[in-house]
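Structure first, commentary second.
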């Protein structure tokens, strides 16, 4: 597989997540954007026997792509040839039972313990607070899947010490057993955070930088974290996207570039190295 | 009943949300069912105008399935705006533009939040205290409806604990008497009125919904008043031909509204696709704070939803939407 | 989480049943699912012999749907008797002869009672302490399965309170923190193994059940090990053709057993009627305490259920049962 | 409608219940015996718009009669042309919600407060106790329907002061609010008890004889009650079964006489009066 020579930052993040997808695992994907496309890309290229469940409970569809604008759930193309249709409660209940290996979701803000904020920036209820859409399905995904993969952009304001509002649970205050004390299922929690620049895991329930793309340095990444995460002794360097990955993303999945062009810089190969044009 | 031989420790309440929630009253709900639901096979087919004037009251707690873009009961939602219903409390789960639309149209002053677009009109209404929002999640909202649909006051759940949403909700963290472990319980939700768009229904309200959904059955069983709008009115003989296809039984239903293309501009899976241009128009309207002109152009300019379809959308556009929807398997009984 | 501002009164436990109940452990159940259920699309088609030897262990809590006379998983029940499983704990809900049959065959020593025929063998076993019975009702049993199928430790219910069954059960009467009224809660039931007869299934366990049932879906989701026997094995393409017809998803299923006429002598609605003579024979056998000869004649005399159908029932009788069942509408996807 | 001149006691009880069936009400019938046939008879003759739900949740079927032996539920003939199929939980939940006006059931033993025993005769757990099938669906029917109609035989041992075991709830200890204190839905409870000889209602939550058939005296009825019920000031005299009722019972409903011949004496018209041959 040859390395791609021009791609967007969002495309990088989706390719990174796609490579984490494993055969024989279930993936509960929030909404219909980057989480869904990442899982589909991984399924097409690396893990044909990975199975995904839509936020609203559709089990293992073979969607008719592309979708009409916004029609990423409920619509017949999105639920096509599923093994079973469902409801919000069937999805939530199967997750409560432990059938969901991985949750894949994105967010506005994440903190050192993997707590997720999609409700408000600023102090809840304050004059100047800015309200957002709310957790949607993410709260149950983050609570009940065995492991969660969080996708976000690498921006200072997104990586904070403590989120302004815990919409969906990470390791809460980070103490051992905090999730269990809050009534959440045992042995669950955050697993990875993926940005266009980096991959994070958790050490002692605290966010840790574990890998970076070749075209940014560890320092550049840390500069884009308001609260500094732990840093692994060896920060692995990620392989750039391949032509094959990018081709599938653009021609089969996100053909309108709704998620890929939506934001972020462009990365190109100048003959010697990858260059990021912000 | 024998009280337990060894005096038992009471169930500790470890934490409680302090958010306001729609009152929990299973026995009161039962009394409403007994006194107001019609268990006879008497036709309840009526216009959206009549259904909304009879069954949607100012101040009602309103839930709708699924949303404006996906098999939404849009003919009825338009009528609610047209009749200028006031002070509604919305179940804002798995929804995009609907809450902004109803707040912008002056119909809603409260919303439970699972997920809805926090558009400028929402931001402003919250800031100015014209909209109160209580925090849940999509699944917690549908599980609250499930509790309401079971006639019980609460359900234990495995998510929501530990969040700040919990703090601004009606949830409680208690010590489970069976395991000794902490478990979250959430209050049942019994909306005053549910509005649901089905593929088919008979005149009594026996309704068939095909494909996926969010919480159609839960909302129908949990709500005091239930308005079903349907793409097609079918015979009760057809309902009896395949009883396994009935999603909602007649005795839970108060009104049946015939509403072909009732989910326009959204899709009704298996029947028609969406109108992408009109979908982007409503999205643009709510995101750019142009709700008033949207309501004027699409809702109040017409006496009925059918008139909107007739005069503004037109036959060939509707047929094109139907043509674009090629999926049929699984969308019929 | 903020603790409630005004310190809250704990939830009073007003009464507790003192009956033994299958342990409640939602997190342990989740761990079992994670470690033992196969989420890959790997065929799990096997014989009843293999399914029972792999997935039914002595001492297991066993639930089956519906019963020996009505879409019962009789091929698997016969195999359980043939393999002389011991010390089973039965979910005795909505059932007639099955409990007596399994107790008489020496397989069961405990039963939760919703309803089952209290035949001479049951009377004797109870008197001699070889059978312990715990008291519930049909609906309380299926609601306990519903709790188990939701992954929660208990459910509130509106019946059972005030009965003596309550006293001999795992139920508790508590003060509902939302209404202040007394409400009964019952412990979740997560059986070790569920045995369910479906009309159709693919090799992965995606199963279709047509017509009515008791608690097929609840039992499948609530149980650690799930054996589906099916009249027909169909392709996964056929499953995907109509996802709305799937009753049970593959990832809940451990074994799929092809079993045409697997509910003999009972009916499999839409496929075949019962064998009235054989139905009356099993009834007579359990009521007149002739279980041993029945088991010998109908079960242990054969290596497999298919051999029983081949040698004792025969093709023309089976075809006559199929001919007598003329209902088809609603019994296909 | 002409009076029938020969019929069995069970037939009398079913005709009496049939005349109580009202249009526009829902009837949740336990099992498939006398409760089901009584409702069907009432629906055919007196209340075509009465609707019934089977114990296992089938809504308003138009059954194909007669049934095969024992095949009174689940079987396709029993659920034929229903408005909706269901499950045990859908039935129980609709009842919890208050959709069931009347429950119709039969029993082994009933007491002065309408409590029902279908579990054990004698002391629970005792050597000489005799075990029965258990409540089945009757517990939820008796708990959650607005009113219950109980069918039983007129035998001393069946009418007792206190049942040996409360399988399904009546008014419990008879005190005001006893059901509510036990967590049962408000304003529900026993409404009628029907035997081949008599109809009982409740006064202050205590069983009261309100009507009798012409061929037995109030005293004979009381003689067949181990615990004496209250007696209404006016004990109404019931109309005997009509030819039409008996014809439908025998030719359309219970054609095998499974329930009608099962037990009880035979009543015949001797030209002047009805005579009971025990």
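The first chain written gets the first letter, and so on, giving A, B, C and D; residue counts start at 1 in each chain.
Assume contacts are C-beta pairs under 8 Å (C-beta built on N, C-alpha and C of every residue); 3 or more make two chains touch, one makes a residue touch a chain.
Predicted, not measured: the structure shown is a model, and the values here were computed from it.
Q: What chains touch chain A and also chain B?
A: Shared contacts of chain A and chain B: C.
Q: If you tally the C-beta contacts, which comes out ahead, B-D or C-D?
A: Answer by contact count: C-D.
Q: Give, as an integer number of Å, the spacing between the C-alpha centres of chain C and chain B.
A: Distance between chain centres: 34 Å.
Q: Could you give the separation in Å between the centres of chain A and chain D, each centre being the mean of its C-alpha atoms?
A: Using C-alpha averages as centres, the distance is 60 Å.
Q: Whole-Å distance, chain B centre to chain D centre, using C-alpha means?
A: Distance between chain centres, rounded to whole Å: 40 Å.
Q: Centroid of chain C to centroid of chain D, CA atoms only: how many Å?
A: 29
Q: Spell out, as numbers or ranges, the residues of chain C touching 2 or more other chains.
A: Chain C, residues with two or more chain partners: 1, 26-27, 150-152, 157-158, 161-163, 173, 181, 183, 211, 241, 243-244, 330.
Q: Among the residues of chain A, which are close enough to touch at least two other chains?
A: 58, 79, 85, 96, 182, 185
Q: Quick one: label the inter-chain contact graph as line, ring, star, complete or other.
A: other
Q: Name, in rising order, each residue of chain A that touches chain B in their complex.
A: 55-58, 64, 68-71, 73-77, 79-80, 85-89, 91-92, 95-96, 119, 124, 127, 130-140, 142-144, 165-169, 172, 178-185
Q: Under the definition above, what is the set of chain A residues touching chain C in their complex?
A: 23-26, 49, 51, 58-59, 61-62, 79, 81-85, 93-94, 96-99, 101, 146, 182, 185-187
Q: Where on chain B does chain C make contact in their complex?
A: On the chain B side, the touching residues are 1-5, 8-18, 24-27, 150-158, 161-162, 166-167, 170, 172-174, 176-179, 181, 183, 185, 187-188, 210-211, 241-245, 329-330.
Q: Please output the residues of chain C touching chain A within their complex, sorted ascending.
A: Per the stated touch rule, the residues are 1, 26-27, 29-34, 37-42, 149-152, 206, 221, 236, 239-241, 243-244, 246, 249-252.
Q: Which residues, counting only chain B, touch chain A once they are in their complex?
A: So the residues of chain B in touch with chain A come to 66, 69-71, 92-94, 96, 113-118, 122-123, 126-127, 133, 135-140, 142-143, 146, 157-165, 168, 173, 181-184, 211-218, 267, 269-270, 273-274, 276, 279-280, 283, 325, 327, 330-331.
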